[in-house]
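These notes concern the structure reproduced below.
Each chain gets a letter, A, B, C and D, in the order it is written, and its residues are counted from 1.
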Amino acid sequence: MAFAADASARIRGAPSVLAVTYGAGALNVVNAIAGSYAEKAPVVVVSGAPASGERTGGLLVHHQAKRFDSQLAIFREITCDQACLDDPARAPAEVARVLASARRLSRPVYLEVPRDLFDAPCAAIARLPDAEPDAEAIAACADEVLARLAAARRPVLMVGVEVRRFGLEAEVARLARTLAIPVVTSFLGRGLLASSDAPLAGTYLGAAGDGAVSALVEESDALLLLGVIVSDTNFGVSPTRVDLRHAIHALDGCVRLSHHAYPDIPLGALVTALLARAPRLSDARRVETAHPPHGLADDARAVTPVDIAAGINDLMAEHGRFPVSADVGDSLFTGLDLEPTDYVAPGYYATMGFAVPAALGIQATTGRRPLVLVGDGAFQMTGWELGHCRRYGWDPIVVVLNNSGWRMLSAFRPGARYAELGTWDFAACANALGGRGWRIETRHDLQLALGSAASDRGQFHLLDVRLAPDALSETLRRFAGARAPQATNNAIAA
Amino acid sequence: MAFAADASARIRGAPSVLAVTYGAGALNVVNAIAGSYAEKAPVVVVSGAPASGERTGGLLVHHQAKRFDSQLAIFREITCDQACLDDPARAPAEVARVLASARRLSRPVYLEVPRDLFDAPCAAIARLPDAEPDAEAIAACADEVLARLAAARRPVLMVGVEVRRFGLEAEVARLARTLAIPVVTSFLGRGLLASSDAPLAGTYLGAAGDGAVSALVEESDALLLLGVIVSDTNFGVSPTRVDLRHAIHALDGCVRLSHHAYPDIPLGALVTALLARAPRLSDARRVETAHPPHGLADDARAVTPVDIAAGINDLMAEHGRFPVSADVGDSLFTGLDLEPTDYVAPGYYATMGFAVPAALGIQATTGRRPLVLVGDGAFQMTGWELGHCRRYGWDPIVVVLNNSGWRMLSAFRPGARYAELGTWDFAACANALGGRGWRIETRHDLQLALGSAASDRGQFHLLDVRLAPDALSETLRRFAGARAPQATNNAIAA
Amino acid sequence: MAFAADASARIRGAPSVLAVTYGAGALNVVNAIAGSYAEKAPVVVVSGAPASGERTGGLLVHHQAKRFDSQLAIFREITCDQACLDDPARAPAEVARVLASARRLSRPVYLEVPRDLFDAPCAAIARLPDAEPDAEAIAACADEVLARLAAARRPVLMVGVEVRRFGLEAEVARLARTLAIPVVTSFLGRGLLASSDAPLAGTYLGAAGDGAVSALVEESDALLLLGVIVSDTNFGVSPTRVDLRHAIHALDGCVRLSHHAYPDIPLGALVTALLARAPRLSDARRVETAHPPHGLADDARAVTPVDIAAGINDLMAEHGRFPVSADVGDSLFTGLDLEPTDYVAPGYYATMGFAVPAALGIQATTGRRPLVLVGDGAFQMTGWELGHCRRYGWDPIVVVLNNSGWRMLSAFRPGARYAELGTWDFAACANALGGRGWRIETRHDLQLALGSAASDRGQFHLLDVRLAPDALSETLRRFAGARAPQATNNAIAA
Amino acid sequence: MAFAADASARIRGAPSVLAVTYGAGALNVVNAIAGSYAEKAPVVVVSGAPASGERTGGLLVHHQAKRFDSQLAIFREITCDQACLDDPARAPAEVARVLASARRLSRPVYLEVPRDLFDAPCAAIARLPDAEPDAEAIAACADEVLARLAAARRPVLMVGVEVRRFGLEAEVARLARTLAIPVVTSFLGRGLLASSDAPLAGTYLGAAGDGAVSALVEESDALLLLGVIVSDTNFGVSPTRVDLRHAIHALDGCVRLSHHAYPDIPLGALVTALLARAPRLSDARRVETAHPPHGLADDARAVTPVDIAAGINDLMAEHGRFPVSADVGDSLFTGLDLEPTDYVAPGYYATMGFAVPAALGIQATTGRRPLVLVGDGAFQMTGWELGHCRRYGWDPIVVVLNNSGWRMLSAFRPGARYAELGTWDFAACANALGGRGWRIETRHDLQLALGSAASDRGQFHLLDVRLAPDALSETLRRFAGARAPQATNNAIAA
């Protein structure tokens, strides 16, 4: 359920809480919270802990690993602040500090409560005021950024995950319009500005992405990166195509450009200052925004990933936009062909098994019906959480890209036997779990099932889409081509 | 699959290997390996890692949490030795040291291989010789132990998990016969000496266990604990019923008795020395061994946990003994009513979701057909791994104790809403996953299904046994009665 | 002055306090406090520290090394407990805990006070009660020790530094008389039982020590070591001559014998229990106690170290016993030839420069006139502290064993040029520092000066005794002979 | 001797080596090396250590504190890189790395050699090449700095300790002339550019310093700080008089200005780039350089600190410039009144006892005759090292500012009894130590003694200058006035 808490924090742009037991509970969410850390989702993990007396007595407590404080040590590696609430008098101040860290850094935090103190009374927790940023420094920074943009011939704005985390989407959309420069999202920022009228050109994914978007970004002489995590994967295998030395990069409270850096510039303060000072740039280049596929054919041909995207786009055109959660692998890349919509996916940390529980988190906390893109390998990990839908009335539409294996792995190492999973009958499983399963062999099947699912509320629908093992998305094909097999041996795709 | 590797190490009494990717792979097995640490299963975790160049370059690598070495720091908390194999010249010595630690301490270890060095040639790895124990110290210790036993009127031997881990089962059985004193197993040691002719009285579980066994142990004036982890749960809620100050306790290479301790006494060396010096004790008390239930009635009454035990005992009487894996909760306690057989279960660390993957590990590495006892809550976590059976031809018999909730939790806190899970149709799921599902409502159903499953090889069978929510095993009932609700609030049962 | 605080703690058997400034003050006492740790002197170090505001502000503070808390990290390595008193509400409990640690472990501790909180009011500090030892465990241990002694033919008792630290001298003396077994002191325990009527045979120093004492110890079949630190130096180069496996060793709250150990047995509780249960041993061997040299000749021959001992023994016979402080090197060994008296010296940690400031500490806190044995090398380090005597009216008698070099070093590596120091005129220095200096060339000079010094109170006397470079004590000669040069290359004698 | 090694590194601008024994030797230099760290002197500490076998054996080794690696842990807090050379195969690479750190960061480093490996053969140590700085970044930074200076009306250059450490004095002098802007030194940089023809205006010390220099600095609208450590003391009590937000600050490889920072700009590379690009600034303001006092009166009046400065200035005018080492307290401030000359002093870390051993280090490694300014309190700590002069033929001129107490402390807390030291007769001590002592009561005495000392080579001269307790330098008077007593309570002046 840690993925659900994570997705809840992502979709709402606000901290969520995850309560776990000491030991076997907490240690089971380590991977999910590491992903929250990497992708900046502010999950507040609250764990039980042995009572004070148990810590000093010689007796071992069940659920204990090496030492009583091993768990705290582990969470120190994957959260940005921690506290062990072993003194009710100090607890309010510690909780306030930890929550302020979660908000300021948009990262997970960790609170530990000894089990004998769960009911201990303590004073009210006051919300710590945000640190007052240095107005003079922010003004100096904003001026330099605007001067750089004004002097450029091909300025481009790339928006990343922090824009969502810090709730800046509307402001950034307004900034893009004011500056009149083209906007792209990073891979992890996919879905940003989806409902705005900003001049959105698409999502950047380097060699693996749309060629026009890549050219736009890579040929820019003033690339403004707002809240973008720059990593090996989200820059399309390798960031060397973008010369970061000539970019303007605002991330983690720091703005870097032209060999120097402004420390302590919160992203929100920067955006506000840019808006306040931005002239309308007169010579901006207009961009054609990307054209996602539409018009799924109603025939008996086998389904390919782009058909899935077309079918969903058709569906959203008719029924309105769904929030989408995508898992890693070709699900993630197929998501790139969707019309802009609210979108959560582990685009950088790349953990498998994210999408289904994330969708449940979205529906539980927003009430909106989610659409899930997930591979058969990832579904085998956590897809069974769908069994909880019936009790709560959740009704996600789950599209399983079933190609009987980990195709992300076989794309890089053709013939790898460990990538074969056999073919599971997920439609039957869906029925057994209390939902409605569809086996999809043709484009006709797909169209029928999508339409039925959209019209039928109250139970989840699962579309087990049988893909040929070599039916990769264009993006994955480009991605695999761009990356030397050796380099991806053990690193990509969990 | 970490539970499978763990179970493989347990059932074979030898190290097993678990290979994971860096980040999302490795961090996903933290809980399972913490359990291996707690319960002393020597799993060798081998993880990839970023290449050396990637560590020092500024670029983030996907799958990375806080720092490159966060993962190593985390595994330091849950393994007994670690090495990062970043220098091929030193790698053989480091691997040899780490493997020796795994063998000597019977705990998991961790090896990290930078991805650019996976194919780097290195010298052969020599197995380090075991440290030579101090013969004089061992003799002194054995003499004192035997003197204590000889002077006692009611000596008892309790065998624990280390006896299995260090491969001492046959020797300990011989020791028990030679000393002619009654033997019990600890809770975590359940299954030990199952196939021996030692005078086995049963499994000790304090206030929650069989009254005769408890009396035997608690009234002993010389309780010899060989390799028993003493914790809050495996001593039946509380160890205060046994006065450890008057026991003889061999664990972790140390023997404690009468206020003093012999350090550096390996369990194997002690057992050998005891055997070599043991006189046949003349005044030993004979014990009646426990009588597990048999003779499942073939009627239309609802099934209770003890019926399940009886049914399985009948089955084993006819078809021979199966290795059994059990999950936490009432599955674990129902396992106490089985005839002695090879048995793996997280009896101390108490993590949920162990039993099904553990069974796959057993069948994969021993070829024997396992029988699984698992609750509906735990099955929801990892039961879906059964989908892999078809590809490999595995055919475990899985008994789901389905009472539509976490009854372990509601036993301690009646009415807790979070313990309700709704009723899932696991029989249908089994069919969808390629196995054979049975819904069991009556004792007749149970008998039929068990018999059919036993006769039908090549596919897994799942018995979805519908229990009334209040159909607890006797043991769980006693366990809950013995433990104050407050104390178990957030700690018991994952 | 840290040596003075250390010596004060040693001579009084109670904690002393050392107040230092943050940084340059505190870091200047690291070596002395490391010696206190090694030799178990409970010095309470109280240091200033930057104010809270200064810690978080960006500005560097003078006296600061790497980080604000570097100093705390350093003292963590050389003290047994620490606290930073940054919260007046918690300060009393922290101080109480730290002081209890100093008392219980007889080791130095560290308290840090931010400079803005020096005057902050706080509640009174309650003395923590001592932990109640386990009477049953102590009785079992004492019984086994006494049984071992009773069964032995040549039992011997060796007393060490903890006997002094925990104030057990009188009780141990009574124990020795009750058991009627011969007693020796360890090297670091030199001076213990000096004023008792225990059957004291001398000080053990292995190959380097008195042959009769060494034989007594090394041939014992039940050597009871009470509070003795066993190290490479205090066991006369190498401890292998004593078979510790057959000894009974009480140290650091643990009693080891016959391959096993009793943890948590405080030395005081053990001694009390031994006394309460000890029968008078009937077959004890009587020992001749050692005969220190007396009768310094009044002639014109050059002085040797044994002459110095004889002269001091004559002096003490006439004027009563002085407390003696000795430095490392031949001063330390010459001290072995003195009549038993109160004695402090860094016999194990072996830091140079200890004796003079230690003497000032003794006189400042006990009012007794000390006698100092110090080499020329050590005097050059800290001898100048004698200049403070005039202001306070202190009047130690300081005997400088001046052989124009570090003879300890040249004893091990003959011809080493770095051991040559040239000849300094310490008598002239003494006069310049406000004391009375004597240059001693002959035994006549020595006798005259010692007599004059003893009769003249109110100013310090310094006897600059010119020794031939090869005039070593017998002990140092033996010591050097027993030790391979290579092994002592860089390790012995500071 | 650690201060001698430190001063040798300072005066030569190159690493020096300090060899110490394990334990009592190494821990005795902790304070001095902490000062080297704080003030960036690259001392290479080489320590012995126990042999490998001794580390794992149970036996304690003398000189050992808490653990074998406590010493390494301690030096980690006060050095910038460390290595334990326990593997001859790896030793060359480790030494090369550690020495490169010392050079690059100009900080002390630590090497530990197990005593069994001192003679172990190993490969030659290759000097690591310096990292190639980023030319484009340096150019961008230099351009911005020059633009800021060009736009300023009152630019000022302040040079600090890194200019000396990195051997940039000549280049910086040339830069100052090229830019034609006035230059001051920081307090710790005192002595820099002394022998250049740069437009040197004096040394900045804020409220405590020369008013004209303070005005120059504090009214500058473009203050370029090259290698200046900004701390509470060297900025004259408080740095708030200089608005660092408008300064240009190059330190620790980073250049900060106008709210942003250029990381990774080595000071040498920056200076070279500035020189290459600097236009001659046309509108630079000429400054009168400071006028140190001269012309010591030859009369019978009591000596004041400024008389000492005048006397030394007269002396240097006649005999040429001496390198000067000064201790903390009024010695340090009196040094401000000297004509510019090579100068070492602990101006930031403020440890006492530095000056005399530092002078010996200077003479030992440069052959030049040093002049020492030291107070009576500091002399009592380490002045006795002068006794080594005779053997080596060293002949420093030592001026003791003897006011019978720690006047730095009583300046802040009048009447503090702990600041009284009594009056020592240092002239007599000097004679006893083999030098020539002078007691100075009048200005006539001072003139006579300075002249005689200057003409007399081959033995050290010590001038015991008796000052009235209230005869403070102007600087100390201002310093004390500027600083609230409370704030300096326990922090200033060791």
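In this text, contacts are C-beta pairs under 8 Å (C-beta built on N, C-alpha and C of every residue); 3 or more make two chains touch, one makes a residue touch a chain.
The UniProt protein names, listed by chain, are A, B, C, D = Indole-3-pyruvate decarboxylase.
Just so we're clear, the structure is a prediction, and the values are computed from it rather than from any experiment.
Visitor: Report the chain whose CA-based centre is farthest from the CA-based centre of chain D.
Guide: B
Visitor: So how far apart, in whole Å, are chain B and chain C when each is placed at the average of its C-alpha atoms?
Guide: 54
Visitor: What's the distance between the Cα centroids of chain A and chain B, rounded to whole Å?
Guide: It comes to 37 Å between the two C-alpha centres.
Visitor: What whole-number Å value describes the gap between the mean CA coordinates of chain B and chain D?
Guide: Roughly 65 Å, centre to centre.
Visitor: By residue number and range, which residues of chain B touch two or more other chains?
Guide: Correct list: empty.
Visitor: Quick one: label the inter-chain contact graph as line, ring, star, complete or other.
Guide: ring
Visitor: Kindly provide every pair of chains that touch.
Guide: Going through each pair of chains, those in contact are A-B, A-D, B-C, C-D.
Visitor: Across the complex, what residues on chain D touch chain A?
Guide: It is residues 134, 136-137, 140-141, 144, 245, 258-263 of chain D that touch chain A.
Visitor: Of all residues in chain B, which touch chain A in the complex?
Guide: The contact residues of chain B facing chain A are 21-25, 27-28, 30-31, 34-35, 37-38, 48, 50, 59-67, 70-71, 73-74, 77-78, 115, 118, 229-234, 239, 348-352, 380, 383-385, 387-388, 390-391, 421-422, 424-426, 428-429, 431-434, 487, 489-492, 494.
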